[in-house]
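The two complexes that follow have subunit A in common; it is paired with subunit B in the first and with subunit C in the second.
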Partner chain A sequence: MIILNLIIRGLITGAIYSLTSMGIVLILSTTLVMNFAQGDMGMLLAYFAFYMLVRKISYPVVFVLIIIIGIILGFLLEKYLMNRARKTSHLGMVMITLGLTMIFEGIAGYSFGTMPLLFPKAISGEPLIISGIIIDKHDLFTFIVSILIVIILFIILYKTKIGIAARSLAEDEFGARILGIPINSIYLFIWMTAFSLAGVSGMLVAGRQTLEPHFMIVIQLKGFMAAVLGGMNSIVGAVLGGFLLGMIENLVSFYIPQIKDSFSLILIVLVLLFLPQGIFGKRETRRA
Partner chain B sequence: MKKYISYILLILVLFLPLIFKTKPSIIGYLNLIMIYGISAQGLNLLLGIGGQISLGHAAFMAIGGYTSAIFVVNYNFPFLIALIISIIVSAIFGLIVGFPSLRLKGFYLAIATMALGSVVGDVIRRMSITGGDQGFRNIPTFNIFGYKFETNYSKFYLILFFFLLVFFISRNFIKSKSGKSLIAMRDSEVGALSIGVNISNAKLLAFVLASVFAGLSGVLYAHDISYLHPSNFGLSLSIDLLAITIIGGLGTLWGPILASLFWIFLPFIIGSKLELLASVIFGIVVIIVVLFLPRGLSEIIFRIEKNLKRT
Partner chain C sequence: MLKIEELFVSYGPVEAIHGISIEVKEREIVSILGSNGAGKSTILKTISGILKPKKGVISFENKVLNMLDPSQIVKMGITHIPEGRHVFPNLTIKENLILGGYFLKENEIKNQIDYVSNIFPILKERINSKAGTLSGGEQQMLVIARGLMSKPKLLLLDEPSLGLAPIAVSTIFKTLQKLNMEDSLSILLVEQNARKALQVSNRSYILVNGRVVLSGESSSLIENDEVKKLYLGR
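And then the complex of A and B:
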């Protein structure tokens, strides 16, 4: 019974990791930017959500508004910044996203203060107990929403024209250009999706912990790890990697609590060294 | 004229404590600037010359600082011996991190170093000898052959000595064979490999030098501030150090010190009311430098040099 409880809790944390790692992989595989600002994009939007929620706007409305704001901010970010950044080196792009984290954290800290704030849960109340398995209602909501978002994104990526175009871009940018795929609008679509994804995960995570300018850093680190575990160039891998990481972490922190903080970090370094393409990723052919 | 400019600057710097005789706090900040400048110089060699990104640089500062603090406080070692031990320890850690770097590239190295940096923080939090989450308190000041560096002014000269040493070593490293092969590798990997440049040793040397500089700056920090806490050496300091290196201008010798000057004094320039916005401004400057000014703040130095050459 304990194991079942742990696995379910692992799946819930895993769902959150999946959302973040999906955003990271989506951006990395198509635009070749390692987005170190994915977590802080969510942090900023969670503060926006907090601002609206304390003004008595209902949770579902705020949820939809955050997705819309995320889309708008993603549009602006790609249109006016990342577009130009693509001409610089890889390192330059990484530094730009790191610069963005400083800007976002500074804005949040300046306008809301650095003290932790209590973010409302989506559904409050007593946890559900189903035949010995304890589930917090907000966690259940988190899990269902995450799964829904993953399904919607997969439908977009595999069934719609723009999604297929985005995947082709990830496969081979030059080939996609030759086939006349409008690359710039795909980039816009990717950043809009990733930013609103970050907003959703920011809101969901903030409900489980408190809201403060650094609260997404850990989640983002875990998102990177999930992405590495699943394979940096595979979106399926990113999702599965997130769930896997969540479960492994929960099991390890229960059975071997001494190493719970460092375990996943060391695991990732080992994966990077010995299985750099991840569990589900495609082996990359090296081009000069 | 150009030949003497660095000596003139040095003499000016030597007289700085006399200029700010009434304000020891300014000298305290200058000490911090030099300490962060030493650390950033290490990252500069690694990133600007070696092209290897590291997001765990602050962890090396923590390793150096804690090692020295533990040996001085718990085992009553003299400062100089503790300094040497911590430099050796950080060199060993640099080697340990350096080996994976031979296999990992770009983004992957960034994630791996970020993970290792967080591991160091976690380990320090969990150990009892480091004071854990309470932090390491009451670290005595520098003590060399019985002379205690009590005031900010005396510390200033000691830190300046180490800073110049680091500057000198970096300059020689850039001019050395390893430095040149790293530059060749950074600019064109295929080109460098095809003419038979052996890069592994040079990469490892860059990692070791970077971690030694970071360790040294950690030691200086520990005995200057006399207090250490793992959260002071977290990911945000690593990111800040990376930003300092970029803002100063990658691969330039003057960059790290100029940018850490900017980093420390920025909150004072914009005033205490807007202090929280300092990181916003810093982030904007990072983005501007990446997009438009590849040589960063060192551009100023290059311009001055150019003008001097003309006269």
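And then the complex of A and C:
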């Protein structure tokens, strides 16, 4: 029973990692920019959510508003910052995302203080106990929402023109440009999507922990690791990598608590050494 | 329909095209010949808006293209099929085609997919397989089909024969001629395979170091002694 409990808790943590790693991989595979600000964007949005929640706006309304604010911030950042930096260098853009983390943490600390705040859960109350398996209601909500978002994202990426175009950018930007695909709108779409994902994961994580300016850094790191596990270039890999990481991590921290903190780092080193394509990374479908 | 007058193009401080004038008339196949680095691809990239001209005028159906971006130029009816194929290998053939018709409506895309897969039946058979699994010749067919999705009036074709088996080259050129005859598609063709290009085109321009050194009817150029010696290896 213990092992089942561990696995389920791991999957829930994994769902959160997946949301972040999807955001990271979405941007990385299409723009070659490692977005360090993915986690902290979620942190800032969680503070915005807190601001609204303490003013008695209901959780579902705030949830939707945060997604919308994430989309708007993604739009503004891409249009007025990233798009201009694109003409200079990729490294420049990566540095900008690092700078953004400091700005976001600064804004949060300055406006809300650095004291840990108690963030409301989506659903509070006693945990559910189903034949020996204990599930917190907020965790269940987290899991269901994450799965729904993964499904929605997949429909967008595989069934809509804009999603297919986003995937084509990941493969061959010149090829996409020459077909007349409006590259700038696709970039906008990608950053808007990634930052709305950030908002969702910010709110969900804040409900499991406490809200403070650094609370998403670990998630950012884990999201990055999940992305490495998944091969860095595949959205499917990012999702599966997230779930796998969450699960293994939870099992290891119970059975071998001594290496609890260093475990995921060891895992990353091993993966990069022996499976540089990631566990689920796609081999290039290209004939020689 | 396409008129290029006194075109100059530079890569940073290096000028690659030094005042070129080229014209493509309705229903014509025009080829640009020349060795590596003569500036052939640069001309096509400038027409399709990837590069911006430094000086000169490019006009299409009496509208100036100089400052338009690639998506506006595609919408006007010019499709550029670049050298080196540029298929999206991990996207399916269908997805590749959909992207070729990015500006079309949903039902138009369906019709165009039917239209291009009649031209290249091999694509219909493998519509849901990944483009990267196609052979070189099939990939070249796919990029041509993808280019045709946007209903172009003028096709800019960069080295369609590069790296292909002779039989695939023949198939592709036959198809292009058929499209030109039956669907009145105009084609501006860039080729290193000078013999093939002179055979299929109505007129040709010969480019050396960013300048046109010779131009005229392809049928007379193919008999020109200098062309024979330099480009046809006789």
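One rule holds in what follows: the second predicted complex is superposed on the first by the 282 of 288 C-alpha atoms of A that agree within 3 Å, B and C clash if a C-alpha of one lies under 4 Å from a C-alpha of the other, contacts with A are read in each partner's own complex, and residues count from 1 in each chain.
Convention: a residue touches a chain if its C-beta (ideal position, glycine included) is under 8 Å from a C-beta of that chain, and two chains touch if they have at least 3 such contacts.
Please read these numbers as outputs of a predicted model, since none were measured by experiment.
After the superposition on A, what does A:M1 contact: first (subunit B), second (subunit C), both or neither?
neither
Determine, under the contact definition given at the top, whether A:I130 touches first (subunit B), second (subunit C), both, or neither.
After superposing on A, A:I130 lies clear of both subunit B and subunit C.
Tell me the contact category for A:G109 with respect to subunit B and subunit C: first, second, both or neither.
first
First (subunit B), second (subunit C), both or neither: which does A:A165 touch?
So A:A165 only meets subunit C here.
A:G175 contacts which: subunit B (first), subunit C (second), both, neither?
second
If you count the residues of subunit A that each partner touches, which comes out higher, subunit B or subunit C?
When the residues of subunit A touched by each partner are counted, B comes out ahead.
What part of subunit A is shared between its subunit B contacts and its subunit C contacts?
none
For subunit A, which residues are in contact with subunit C within the complex?
Listed in rising order, the residues are 161, 164-165, 167-168, 171-172, 174-182, 282, 284-287.
Spell out the part of subunit A that touches subunit B in their complex, as residue ranges.
It comes out as residues 28, 34, 81, 84-85, 88, 90-92, 94-96, 98-103, 105-107, 109-110, 114, 214, 217, 221, 224-225, 228, 232, 258, 261-262, 265-266, 268-269, 272-273, 276, 288.
Taking the complex as given, what residues does subunit B use to touch subunit A?
Spelled out, the residues of subunit B in touch with subunit A are 47, 51, 53, 100, 103-104, 106-108, 110-112, 114-116, 118-119, 122-123, 125-126, 189-190, 235-236, 239, 242-243, 246, 274, 276-287, 290-291.
Can you name the residues of subunit C that touch subunit A in the complex?
Listed in rising order, the residues of subunit C that touch subunit A are 48, 50, 70-75, 79-80, 82, 86-91, 95-96, 98-100, 102-103, 130-136, 146-147, 150.
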